[in-house]
Amino acid sequence: MDALLLQFLNGLDKGGAYALIALGLTLVFGTLGVVNFAHGALFMLGAFCAVTFNKILTLEKVVLDPEQKTAWGTPLEIRTPYVEAWLGDFGAFLLNYSVPVSIIVAIPVMLLIGVVMERGLIKYFYKRPHADQILVTFGLAIVIQEIIKHYYGANPIPQAAPEIVSGSADIGAWFGLAGTIVYPWWRLVFFGFSVVVIGAVFAFLQFTTYGMVVRAGMRDSETVGLLGINIQKRFTVVFGLAAVVAGLAGVMYTPILPPDYHMGMDFLVLSFVVVVVGGMGSLPGAVLAGFMLGILQSFASMNEIKSIFPGIDQIIIYLVAVIILLTMPRGLMGREGVMEE
Amino acid sequence: APMSFVRGAYAEEFCNMPTGSTVTLGFNVPQSGPYADEGADELRAYQLAVKHLNGEGDGGMLNTFSSKALKGNGILGKKVEYVTGDTQTKSDAARASAKRMIEKDGAIMITGGSSSGVAVAVQGLCQENGIIFMAGLTHSNDTTGKDKKRFGFRHFFNAYMSGQALGPILAEQLGKDRTAYHLTADYTWGWTQEESIKNATENLGWNTANAVRTPLGAGDFSQYLTPVLNSGADVLILNHYGKDMVNSLTQAVQFGMREKQVNGKNFEIVVPLFSRLMAQGAGENIKGILGTTNWNWSLQDDASQAFVKSFGQEYGFPPSQAAQTCYVQTLLYADACERAGAFTPPQVIEALEGFEFDGMGNGPTLYRAADHQCFKDVLVVKGNENPTSQFDLLEVVKIVPRDQVTYDPAIFGGELGPADVKKC
Amino acid sequence: MTKLLDREPVALVVFSAVILLMPLWLTPLGANYPDLLQKFAIFAIFAMGFNILFGLTGYLSFGHAAFLGVGSYAAVWSFKLFTMNVLPAIAFGILFSGVFAFLIGYVSLRRSGIYFSILTLAFAQMCYNLAYSVLTPITNGETGLQLTLQDPRIIDRMFGPAGAGLPSTNFFGLPMSGYPGFYFCAVMLIICFFISRRIFKSPLGLTLLGIKSNQNRMNYTGFNTRPYTQTAFVISGMFAGLAGSLLAVTDPLAGAERMQWTASGEVVLMTILGGAGTLIGPMLGAWLIKYFENIFSAFNDATLEQTFSFLPEPLANAAVAISGLFVGEGWHLTLGVLFMLIVIFLPGGIMEGWRRLVRWIGGGGGGKAKTESAAVAQPAE
Amino acid sequence: MLTRTDTNELQFQGTDVSMSETGQSFFSVRDIHSYYGESYIVQGISLELNEGEILALLGRNGAGKTSTMRTIARVDDPALQRGEIYLNGESLHDKKAWQAAQLGIQLVPEDRRIIGGLTVEENLVLSQVAEPKGWELERIYEHFPRLAERRTQIGTTLSGGEQQMLAVARALAREVKLLLLDEPYEGLAPVIVQEIESIVRQIKELGITTIIVEQNAVAALKLADKAVIVDMGEVVFSGSAREVLDNEELRNEYLAI
Amino acid sequence: MVANAVLHVADVHKNFGGLRALSDVDLRVDEGETHAIIGPNGAGKSTLLNVCVGRIKPDKGHVVFDGEVLDSHTPYQINQLGVSRVFQTPEIFPDLSLLDNVMIPAFASRDGAFRLRPFRKLRLEGDVRAEAEKNLEDVGLAALKDTEAGSLSRGDKRRLELAMCLIQKPKLLLLDEPTAGMSRHDTNRTVDLLKTIKQRGMTKVIIEHDMHVVFSLADRISVLAQGRIIASGKPEEIKGNPVVQEAYLGGAH
């Protein structure tokens, strides 16, 4: 029973991540109709916002100590981080909270990246075939990746969660069953965060005319323009929003998955599957599919199930995707006519 | 007729026989994909080795190597040149790259790589083409076991040796009454390592609670980690490498496994195969975790010191185990040519088979003729609790002597195949 | 000249000449060694087949690499079980991938657009994941399926005992490595070109284009579109299977990565890069990507220094530093930039560039379209 | 039906300026040239209109009527390469479609362009997102009871005629200074044609300037003050509507009536 | 009379949600006849055609074509039985040339719903091409045969679609407002064309709001309003019918 509950928690957490990544993708893909293969790169850039922020905080003053030598005979370097040297305790506090604090940095940075990307490149591709969009965004993703690789290397760069949430929460204890359900605080934080972000995006797009205008613009931007609406601007905003959501997901995921330059590609295929299983053009669909696949994947990985179907955990997502797409023509909640050609 | 046929028209005795004043080696390393940093380090080591072979620089391990055949004038008087390629850590790409080196660049020896799949694939290719392959980083038993090849040699240790070396230390440090839970990367290397460690620990009286296979590149391992907590196991063994290991370890620590008490004992995590680059990726979480490694720059013997010195001076930081392996492999090949007095592969193979040497950083070493596996001391290491620098991540717990890890070649089967001369 | 190339025999002769003379005209580009030539031919077949599906029907399969993988595995098993002769291997490769394509296509083609793409992707990823781990007894997992000395090779054994080493693949005794291997692949490519050209210029091709343009109209026009798309899917799956088995023929090893989504993505990129829906565009795209992968990745600082040694020292250093970003480990960067440049400036891929060139030359009054690449690129239209 | 004067209409009349300060007509198009990619379609068309006038733009299929209207509405295709357009003293040729729309141009496109996936009401709400707004929804529903019934239906599943009503209604939901009607009667039953005709008359009474493209030339000319006939992207006749109705030769040659 | 009814729509009902699009529709179209359907917008005319070509399944009732009950037939099967349709919004192949647009339907009627001859050369299909050219000629688009259909003006697209249907030589041709958006000149040409077809004995159902067209072509007219047939008969009868006047034609006519 605890095992099941724990797996359910895992599923929620994973689902939160999938949903969050898919959410940004579905904005661009399901709403603007751009097959954005660079979405994973945006996720990765978010994570690297956290890395960079941390790097800046830990910039070190290097003093050479001619007395001591390294194993290869050069003088030993003595390093002290500037922030700590200048700001003392506050510096240490900043360092400790560098991941959550970097959200503040990531929002404007990702917004800027998103806007520049849309203005500079994507906007010329709204009317182009999907194939062209794939090629250009894939090219862009490679370029972004390689730039990151050039500056940060290929090795993962660990990011620590703040100390206060680095341990585990004894959830069982809240219900008088101490020690049975123990779950890392950061994962709970991540889950909560994803729910909040998803909620905020929903509120913005589902329940306001803004969302309707954007959907309309995606169907027929010319006619929407004829009604006096500057649809280009709204596309830019939506794209920027998608970049921010992807970036925030990246930032918050760093303590769970030490980021490297390739992490975007690793998530790319999965996020496309989530979006399509959810149904094109549907935000709730993408979120639902994210959680559903996350939870199913967790359960499929249980030893009891793996022993009956070896390898099921490796293919469960694709298997479920196939079953859903075959039984429901437009995924879970897809709209008719979106990307069916 | 196409021009390229002309090259074959030389009365070539064997594939890519060096005829001019130079000899070309092929360095096939991962330059993209997850192991790109490792590949970059390997390439640095190769470049250093070439320098030393050609008599430039301080000579590095040339000075400590027990065989004194190398004179710093290239190989057999021919200047060493090299070509590079990207394996992408994919067998297909690695083979394509190796083929380019053989067919286009005239490489007489191929070396490098950072995974067993690539090593086995390229080794097979080299066997078919009659080119010597000096494996880079490959830890699977298969490379010199069931997939061993006459033209392939491995300086790196393997999973079996990791198990043999690690087992007694685990028993010593963690006690004999332990229950282990394995998480294993679901492919050949993972399986051989799981098997080796399982055998070694079970022989010492440990129980195995479960051994669970995890998909390669799973990213989030939480669904495999939570069952560990309630399984009654008190040791978690992560048979993962690279990114998978960094992720699973980070997440295991997040799940509070380091602080846990099970059966009145501290819960422990073991990572049988370590590398410094991985340790860097895992950050704080690596501290105090036990594992094995092929070589570490903190070793105090002359050879290691000499190598660290020349590498550090050249690049400003110490070499990784991958770098050391690749450096040594290059020197060993060159030395074998010198001793054989020829580049002819069968003769070089003969010179390498059963070769005993010292002064390459791992103590006395043997290239066993029966399977081309090299036998030397194995390092049991631990994540350093108090690193003195950003490179000082691993602390050597024990140097396990070579006898303790030597095994009967028959247990892994395989056939070396013939050592005939091939033209290309 | 264009008119002339419209004639089938002329087109075939020109195409064959270009392909068979590749070792010659690729020499200045440093790409004239057997392995790369083989890859050029093989991936051209793969992309050409993919184009029969994507270029004609508009169905974008994101799982085509599965058929490549199946073709390879089938061929290697044929080598292991029966004979080192390549003909049965190719036959098995085509057959098995055809069957796979039939099954996957049968299911996936129930959906269109992105839903279809994801279905094919899901199937291919399942194949890949299983091949990598659970199906190791059949696929030999990560390491890839290889020949071993213990293989039964029933048919070969009937004719003589096994030699000491591993036998090589052969075409009735002619070993299939090196240049003979390339010429074998080249002949296959020429046959595939012929088939593909015929399909493009047949009523079937026009029908498939109709499906791409307006499937709804096709239904009300009396066509049962499913069997048509299914046919295109199977044909292109078989092309992929052939390509896969040729990979095994020239190099008898089949790895699971061949089925990964990145491999499927690669053929999509090749096709779009060259120009989807054109006869030879996909082939050009395949060449370009393979060229970069194999040649650009091989540059290192030493080779760059040599290249720029004619420059004065500081200039040469700068040149090495800058160009070093784009070659060697930076070859991906070059590829990414190239993708973007081509799609931004040449919507419609390389073939679009070609058309513009022709128009420009034609418009410029020169009329001298007899550049070297003229011969390469022309048969498409 | 539109005889009641409410505040809205008064406002329209309040801003009544028949000539702008520069002394030009209320709306003028001067020698416009536009292209679809490389095909040259609108080849130098000029029009002049005073406020409140109706212009009938006539010509054969493919003559370039739709292209002219689209150029005036400033959509991207066909691209305007040369020429000037002014509405009420403001230049339009350097504006984008949405800017032109905010200045009071409304195009009712020939293929209606009801937006898929949105309901009838959403389609109407959409046209009131940007300022300045025109008729209130209630008023629209009053004039088009059929749309009121279909409020929550997806717009694209309306019958052809219903879609046409929606397209006209959508334009009226915005404050219009110049209404461009591209074949508004197409596909409409005679009763509805009469209905729309009367709406167009009322629009004229409100002082809204209108350009109407219609194959049913007689019907259009009955409404119109001026008429322009285009052929092959050029103006071949420009004059009063009466002249066309009276000139049999002209009608035979370009209109086949 | 029953014997030679080519099309029989028998008691067809269709609801969309709460909306009754068709109720109790019973319609017979005789061999060789041109049957016009008129009615106000949203009356259900297009829906009726949709039921006939299998795009929509009726909730109740049947469609019988040429003695065959079209209950489980798919659109392509119905077309193969000999029913072609011109849509209200032109359905053409926008990326293909006009000639290809017309050749494709010709293949469908010659080769059936599916026939695989991948290696046959298109160039050898001279007779199909010639016929396609002739059909384009008939609708007056011969000069444009190599242009992309997507760039046609709207009236031209309609004529193209007509040509695409005519080349199939269907037994029954369903026309949904074939002359909408056509200039008077072209409308007249189209009417002439449809008249010649009539002489060839092709049965037609035509929906049209243009009364000139209706009265110059129709043998019989059915009037549909709110999903019901409210009148049916010879053109003269319909013209004089006061209910029809009220519901459809409006006072003016």
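For clarity, chains are labelled A, B, C, D and E in written order, and residue numbers in each chain start from 1.
By our rule, contacts are C-beta pairs under 8 Å (C-beta built on N, C-alpha and C of every residue); 3 or more make two chains touch, one makes a residue touch a chain.
Chain labels with UniProt names: A, C = Branched-chain amino acid ABC transporter permease; D, E = ABC transporter ATP-binding protein.
Remember, it's a predicted structure, so these values are computed and weren't measured experimentally.
Participant: Could you tell me the least number of steps, going only between chains that touch, from chain A to chain E?
Facilitator: Steps on the shortest route: 2.
Participant: Can you list every chain that touches chain A and also touches chain C?
Facilitator: B
Participant: More contacting C-beta pairs: D-E or A-B?
Facilitator: A-B
Participant: Measuring between Cα centroids, what's the chain most distant from chain C?
Facilitator: D
Participant: Find the geometric centre of each of chain B and chain C from their Cα atoms only, then give the gap between the two centres in Å, rounded to an integer.
Facilitator: One centre to the other, that is 34 Å.
Participant: List the centre-to-centre spacing of chain C and chain D in whole Å, with centres computed as mean CA coordinates.
Facilitator: About 53 Å separates the centre of chain C from that of chain D.
Participant: Compute the distance, rounded to whole Å, between the mean C-alpha positions of chain B and chain D.
Facilitator: 76
Participant: Where in chain C do residues touch two or more of the other chains?
Facilitator: In chain C, the residues touching two or more other chains are 129, 133-134, 332.
Participant: Pull out every residue in chain D that's touching 2 or more other chains.
Facilitator: none
Participant: Chain B: which residues touch two or more other chains?
Facilitator: Chain B, residues with two or more chain partners: 32, 36, 40, 186, 213, 215.
Participant: Touching pairs of chains, which are they?
Facilitator: Every pair of chains in contact is listed here: A-B, A-C, A-D, B-C, C-E, D-E.
Participant: So in the complex, the part of chain C that touches chain A is made up of which residues?
Facilitator: Residues in contact with chain A: 54, 58, 60, 107, 110-115, 117-119, 121-123, 125-126, 129-130, 133-134, 215, 261, 265, 268-269, 271-273, 276, 325, 330, 332-333, 335-340, 342-344, 347.
Participant: Note which residues of chain A are touching chain C in the complex, please.
Facilitator: Answer in residue numbers: 35, 121, 124, 128, 130-132, 134-136, 138-143, 145-147, 150, 269, 272-273, 276-277, 280, 310-311, 314-315, 318-319, 321-322, 325-326, 329-331, 334, 339-341.
Participant: Going by the contact rule at the top, pick out the chain B residues touching chain C in the complex.
Facilitator: For this pair, the touching residues of chain B are 2-5, 31-32, 36, 39-40, 43, 81-86, 90-93, 95-97, 99-100, 103-105, 115-117, 120-121, 124-125, 127-128, 142, 147, 186-189, 213, 215-216, 415, 417-418, 420, 424.
Participant: Inside the complex, what are the residues of chain C that reach chain B?
Facilitator: Residues 21, 23-24, 27, 30, 32-36, 39, 129, 132-134, 136, 140-144, 146, 149, 164-166, 168, 177-179, 247, 251, 253, 255, 257-258, 293-294, 297-298, 300, 302-303, 328-329, 331-332.
Participant: Note which residues of chain E are touching chain D in the complex, please.
Facilitator: It comes out as residues 16, 38-43, 45-46, 88-89, 151-156, 177, 180-188, 209, 211, 247-253.
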